[in-house]
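Taking it in order: structure first as structure tokens, then the write-up.
For reference, chains read A, B, C, D and E in written order, and residue numbers begin at 1 within each chain.
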Amino acid sequence: MEKPLNYSYYPGCSLHASAGEYDLSTRELFKALNIQLTEIPDWFCCGATPAHNVDELLSLSLCAKNLELADQIEGDVAVACAACFSRLKTAQHVLGESAVKRKQVEKALDAPLKLDGNVKHLLEILAKDFGLERLAAAVNKPLTGLKVACYYGCLLTRPTDVPNLDCVEAPTIMEKVIEAVGATTVPWTHRMECCGANFTLSRPGVVIQLTGAVLDSAKAAGADCIMVGCPLCHGNLDIRQKEIEGVYNVQYGLPVFYLTQLVGLSVGLGSDKLGMDAMIVNPTPLLREKNLL
Amino acid sequence: MKKKKMIISQETMDVDFVRKVEALSGTSVRRCFQCGKCSAGCPMATFMEHPPNRVVRLLQLGQWQRILAGRSIWYCASCETCSTRCPNKVHLASIMDALRKLSWDAEGASKESYVQLANKLFLQNIRTYGRQYEMRLAAVFNVKSGQFLKDLMLGPKLLAKGKLKMFHSKNKNMSEIEKIFSRIEAMRKNGEAL
Amino acid sequence: MQPTKQNTFEPKIIAFVCTWCTYAGADLAGTSRMQYPSNVRVLKFPCTGRIDPVFILKAFQQGADGVLVSGCHPGDCHYIAGNFHARRRFAVFRKLLEFVGVDLNRLQFSWVSAAEGGKWVEVVTDLTEKVRSMGPMTEFKELAMEEQWSGAINTPELQEAYNSI
Amino acid sequence: MSRIGVFICHCGENISRTVDVERVAAEVGKMPGVSFSTDYKYMCSDPGQNLLKNAIQEQKLTHIVVAACSPRMHEKTFRKAVEAAGLNPYLCEMANIREHCSWVHENKEEATVKATEIVGMMVERVKKNRVLPTITVPVTKRSLVIGGGIAGIQAALDIADCGHEVVLVEREPSIGGHMAQLSETFPTLDCSQCIMTPKMVDVANHPKIKLYTYSEIELVEGYIGNFQVTIKKKARSVDEDRCTGCGVCMTKCPQKKIPNKFDQNIGMRTAIYVPFPQAVPNTPVIDRDNCTWYKTGKCGVCQKVCGPGAVDFEQQDQLVVEPVGAIVVATGFDLYTIDEKPKGSPIKGYGEFGHGKIPDVIDGMTFERLASASGPTGGKILRPSDGKEPKQIVFIQCIGSRAREKGISYCSKVCCMYTAKHTMLYHHKVHDGQAYVFFMDARTPGKSYDEFWRRSIEEEEAVYIRGMVSRLYQKGDKIVVMGSDIAVGVQVEIEADMVVLATAIQPQKGAELLAQKLGISYDKYNFYSEAHAKLRPVECATAGIYLAGACQGPKDIPETVSQASAAAAKVMTLFSKDQLEREPIVARVKESGCVGCFACKKVCAYGAVEEKEIRDRQGNLIKTVAFVNPGVCAGCGTCQATCPSKSVELDGYTDEQVIAMIEAL
Amino acid sequence: MTQPIDTSIYAAITEAIQAEAHRILAEGEVTAIVGYAAARRKGSAQPIIITDAADSVKLIFTPACVNNLAVYLTKAKKDIPKNGKIGIVVKGCDLKALSGLMGESQLKREELYLIGVPCAGVLASTVCPDQELTGDSIAPKCTECDAHLPTGCDFVPAETLVTPELERKYAVEIARLEALTPAERWVYWKEQFAKCIKCYACRQVCPFCFCEQCLCDRNKPQMVDTTPRPAGNTAWHIVRAMHLAGRCAGCAECERVCPMDIPLNLLNRKMAKELKELYNHEAGFEVLDKGPLNMFTEKDDQSFIK
């Protein structure tokens, strides 16, 4: 047995609120895979989109503060939320490039910067650190027959050279992970189109248009469900799915899983440990049909 | 404003503003050669009166008033598609960030209020609580924007699913966050940061 | 080129063309797989300037029902000005033929460049159709059949004597 | 009795699909004179050609007809094969049964009949074909280069460096051309004079280059390998041999206010002058129109101060004849002006830009002189009207170029780059100024060109505005520029201190007159025409004459230099042999029938027809007849059609051949 | 209509010619003179070549002096350099032919001594030579004459001509034929050409038919049918007209000598008319560098070309 993997864990605000099932399933899955997650004590909000939208310095400072907090714990920083992941990575990138901004942030934090921590999204940990072969070996209940549309959204891969998670225009990391646990993936057109998360509060009309297009594409590609790695995307695809169906008078019925939920299912975790009941679009019929419950 | 004739001279081209944008965004504005790829891929272009390429073009000519008067910058989804695909490495998403920042600094900013309100509340929440509390954010937004019934249908369902938490605990080191905010304010006052 | 079907007249068309423009244009019509009537026979010359009016006369005498002369557009001549000389020569010659009673509908001149495969097809098709509707060119053929007779055969006696030869 | 071999090609299925080739071969086999007739899948393939060669030898064939594709395609191929088999290549003809038959007809019966007739015609024709020996012409290994700009200089140096004498003729008092006028050159911004003057000096010092400046081509006679060129040396009024170039005459000349053409008329010169200090040769010229001596008969100061006594008021124009074997034409370009053009002119001016009457609206070349360290302002950018430094400067591209309405539809190719260069030069010289450029497209295909253009925007802060300018007008001491930014979609107005127009490149004035002397063709703009736009871009249709530089079409310096070297290489190719070989399709005079009316001479566009006296043994003139110089004859045959007695015949297209074909119908 | 034409000055002209001929022969300025002399039939005239000054009294000028003497020069041109300058009596129409020949390098002006005669007209070949010259008896070519007074000659008798306006006989006939359909014209010319006996008198008399070997006599290849049959005759007359187009000076000798009375000059006049309309060319006294069919302009009519 190899030495267990250790990470400091940055859940982010959503996972402590609307995306509780993502937090739950992450913790359960990693426990099952014998990966150590230690939540960063007293982490702050990363500032998310609103902060960088209007105040980059604040955004950078918040991220730097969180990285400083994470530095107390051994191991790389594991991030579940794609938005938090993007912000932390961006902060590292920008502060690495600009001496001026680095000085400003140091002054804001009144402390030297500690940016060395390796920020990793869960996908990266599963696919690279843990490894696809080990993952496949850990499977108890392969997701055979489940056709998954992997949705990357904006922030997992973009922009070039910042998250460096995978190819910026044609990533495959989600597909690799979910195929490793026995599911089938569908090729589809809107894997990386924006869902409009930034406007979920202020301009829901925009969200309905953009998310509707994503759902259309997944449905047209013949997917049974959508898999995401971002609570904001999830919020739009899952929570607003009914509303969108109403606006456009269509039926999607596409359950939207977090990647940890599906992988967790494959390693044999029960739906209670995966927070399946918190999903707005009920996944039970689908999972029953595929003999996964 | 949109169609008004542009009188171009060294006086009317605000080079200082452009420099600020370049400093904040860390990207060159002059580099853009107006190929239009940003506008071609922008998911929000149809909602904007100045498509992304034109925002950069106006910026090149130092015509920031025209940009800030419009809603375009507030309709940017920050999806980073433009930055990713720009053939000239113009980081347009960062330029948009910078423009929004400068819009808040400038007088007579955009009419667009909902997005700005959401942003303001979000930042206030962070300053007050250190983290984001969605329920509170949504509720206050609806009150302040006068859309009391917005997303009314979603509320109970989310509560039932445990997605909106009524209660939350404050961070133990809240003083830290307030310090960061106030230090940044002080730096700006002293002209140490934009 | 005998009539292929009964009661249909297939005219014989002779085309005198320059090699640089019209011949190349006809080649282009070929490479573009355009279709046109098979009645035309092409004689290649270096330049329209080389084409002697006597050839046209000779062609009619040899039984051509229509004659086409075609070369480079003005200014395009590979030999600077051959087509300009040809233009004058033929402007005058056609007037002469017209004066002695040749129907000029049987004699077509055109400029067809190396790029005008389509125009070649159009010119050849038009001339073929026109001549087909006019019927055979009988004038020169009849002359060739006739015996020498000094003066008009304008009395019954002469006609009788003529017929007896 | 001829033994004709006929070879019908299937061309895969291209011919055989619509033409019954076997039937054609059988029918043709019955024709009189045909002793061998066959068909084959691919005649042009190696086995096909071998079939042809073997048949010639085995069947003792005397004439060949290959019925296949267009002769434009494979006539050379088959003639070569025939030659390899020991026959004269001109005893082989092609019958075009593909492009003119199988590809254009669908009815197999019709196509087969037609193919048979086409082959029959060619059989009758080939019977009349004669053995034609290849023609050889002697070559004079000296060349003439017309024009002493960078193209002419490069071509002359290249040829001379190969050891052949070059006669370089320049119309102006000095070589150097337009390039000598430029301040810096794109895309490296090195100073034009710095790279140009060494080459000019090389020309002056080269033992193989004979330089005629202030000279023009008067007459060109002869043909490839054997030209006689008459050069008019205009009277310089200064003895080139005596003049030491000390320049005292110029300092003493009382006429000092003559606009200098070299400085685009913004700088002044004296009546006795060299156009610019680095001129080659450094021998002054007296401008007789402006010289007090020539106008009044008084003055003569220059003559008095000239130590060596070089000033010669009596000097006359001189005619010199130079024999050369090849000619490189490198006469360069002129710049379009926006001035009002005479009524009926195909080229129009820009009334909307004030027809050149607004003093601070200048052209790019004037800007070059302003920016040039050795120019009239010593390299300072100053407005012509009041000598002030312009702080707002507007450049407008595509003036004249790409403007069908103005009569020019082509792109002048260099303006995008030189305008970018101008913005940089301006930015370097006027730090607090702002340059604006109105443009439609930026055309920068060239090594390091686009980077250069981008630099002008990204680093040198030029503001490029996509959209053309509608109108310019003077308002106080400003020029109002009314344009639009099509990227924003609004009108744009700039009050400029100076406006620089990137005017179109046009051929030199009088280019068509020189072309007529040389017998080369030119397009509707008077740019000289190359023999083939892609495959013979350096040669003229007239043999022995080559093109270099902008006289053929707009070009920048690297391109001009490349073409000049290419032209030199073509000249060297010609000079590499003592004798030139050419296709024997030329006209020949039958002296017995010729009565010397010289109609042939009158219609020959090449001047190939000469008068030849025929004398008896006692030397008495019997008659004067026409003679066709086979070196000059291009083989059009216009002479033959014109000759009343048909005493001149074009080999390869004789009346016998033509009549045989007509009679075969 | 019998319009009388005043020929009273012809006697004075004859005297002047004789005097001038005597002078140039006596002074050795020329070695021979081609002129007209009285022939045997009353009133008729025939060409004569005199080499002796004493013979100059033989020279006359009367309405019967119809021949174009230029033809003798083209046949004799080779001998001129050997024998010396030749004098020739020319009417306006004859001078046009000489100018044309000079333009075609057949004659040199400096080898000729031109004695021009003012001419009110000559008699038609179809009337007796002793008749009065009238609007009826005048040669058809003279009805269209625009060259009564030759210019540029070495000597012209100073007599004043009176030339009445006459109906232009060829123009009328051409207009009549042009109004017909092509088929009708074909019938007309077929009848005319059918009469031809291929005697080639037209060729022989024409000053411009100076080729040593006529195209129509060649048989390798035989470009023009040579047989004296309708087909060959038609070909001959078409080729002849074409070869004379732009050159013919309008002396109408071809028509005069034709034993079968074929209106040959009609073809020549028609060509002249077309050349005038197309290229503004007319035969004249001026020696041209290039004939109208040996030159071009870029703007030439091409309305007939597709």
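Assume a residue touches a chain if its C-beta (ideal position, glycine included) is under 8 Å from a C-beta of that chain, and two chains touch if they have at least 3 such contacts.
Small disclaimer: the values here were computed from a predicted structure and weren't measured.
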{"item": "Given subunit D and subunit E, the chains that contact each of them", "value": "C"}
Pieces of the assembly without subunit B, by contact: A | C, D, E
{"item": "Joint neighbours of subunit B and subunit A, given as chain labels", "value": "none"}
{"item": "Greatest separation from subunit B - chain, by CA centre", "value": "E"}
{"item": "Innermost chain by mean C-alpha position", "value": "D"}
{"item": "Maximum centroid distance from subunit C, chain identifier (CA atoms)", "value": "A"}
{"item": "Top chain pair, ranked by how many C-beta pairs fall in contact", "value": "A-B"}
{"item": "Averaged-CA centre spacing for the pair subunit C and subunit A, given as whole angstrom", "value": "83"}
{"item": "Separation of mean Cα positions, subunit D and subunit A [Å, integer]", "value": "68"}
{"item": "Computed distance of Cα centres, subunit E from subunit C, in Å", "value": "34"}
{"item": "For subunit B paired with subunit C, centre-to-centre distance based on mean C-alpha positions, whole Å", "value": "80"}
{"item": "Multi-partner residues of subunit E (at least 2 other chains)", "value": "215, 223, 293-295"}
{"item": "Interchain contacts, given as pairs of chains that touch", "value": "A-B, B-D, C-D, C-E, D-E"}
{"item": "Subunit E-facing residues of subunit D, complex", "value": "128, 592-599, 602-603, 620-624, 642, 644-647, 655-656, 659-660"}
{"item": "Residue ranges of subunit D in contact with subunit C within the complex", "value": "70-73, 96, 98-101, 103-107, 109-111, 113-114, 117-118, 121, 519, 521, 541, 585, 603, 605-606, 634-638, 640-642, 650, 653, 655, 658-659, 661-663, 665"}
{"item": "List of subunit D residues in touch with subunit B within their complex", "value": "391-392, 434, 436, 442, 454, 457-458, 461, 463, 465-466, 485, 487-495"}
{"item": "Subunit B to subunit D touching residues, read off their complex", "value": "2-10, 13, 28, 30-31, 33-34, 53-54, 57-58, 60-61, 63"}
{"item": "Subunit D partner contacts - residues on subunit C that touch it in the complex", "value": "1, 4, 12, 14, 19, 23-24, 26-27, 29-31, 33-36, 38, 41-47, 49-53, 55, 58-59, 62-64, 78-82, 85-86, 89, 121"}
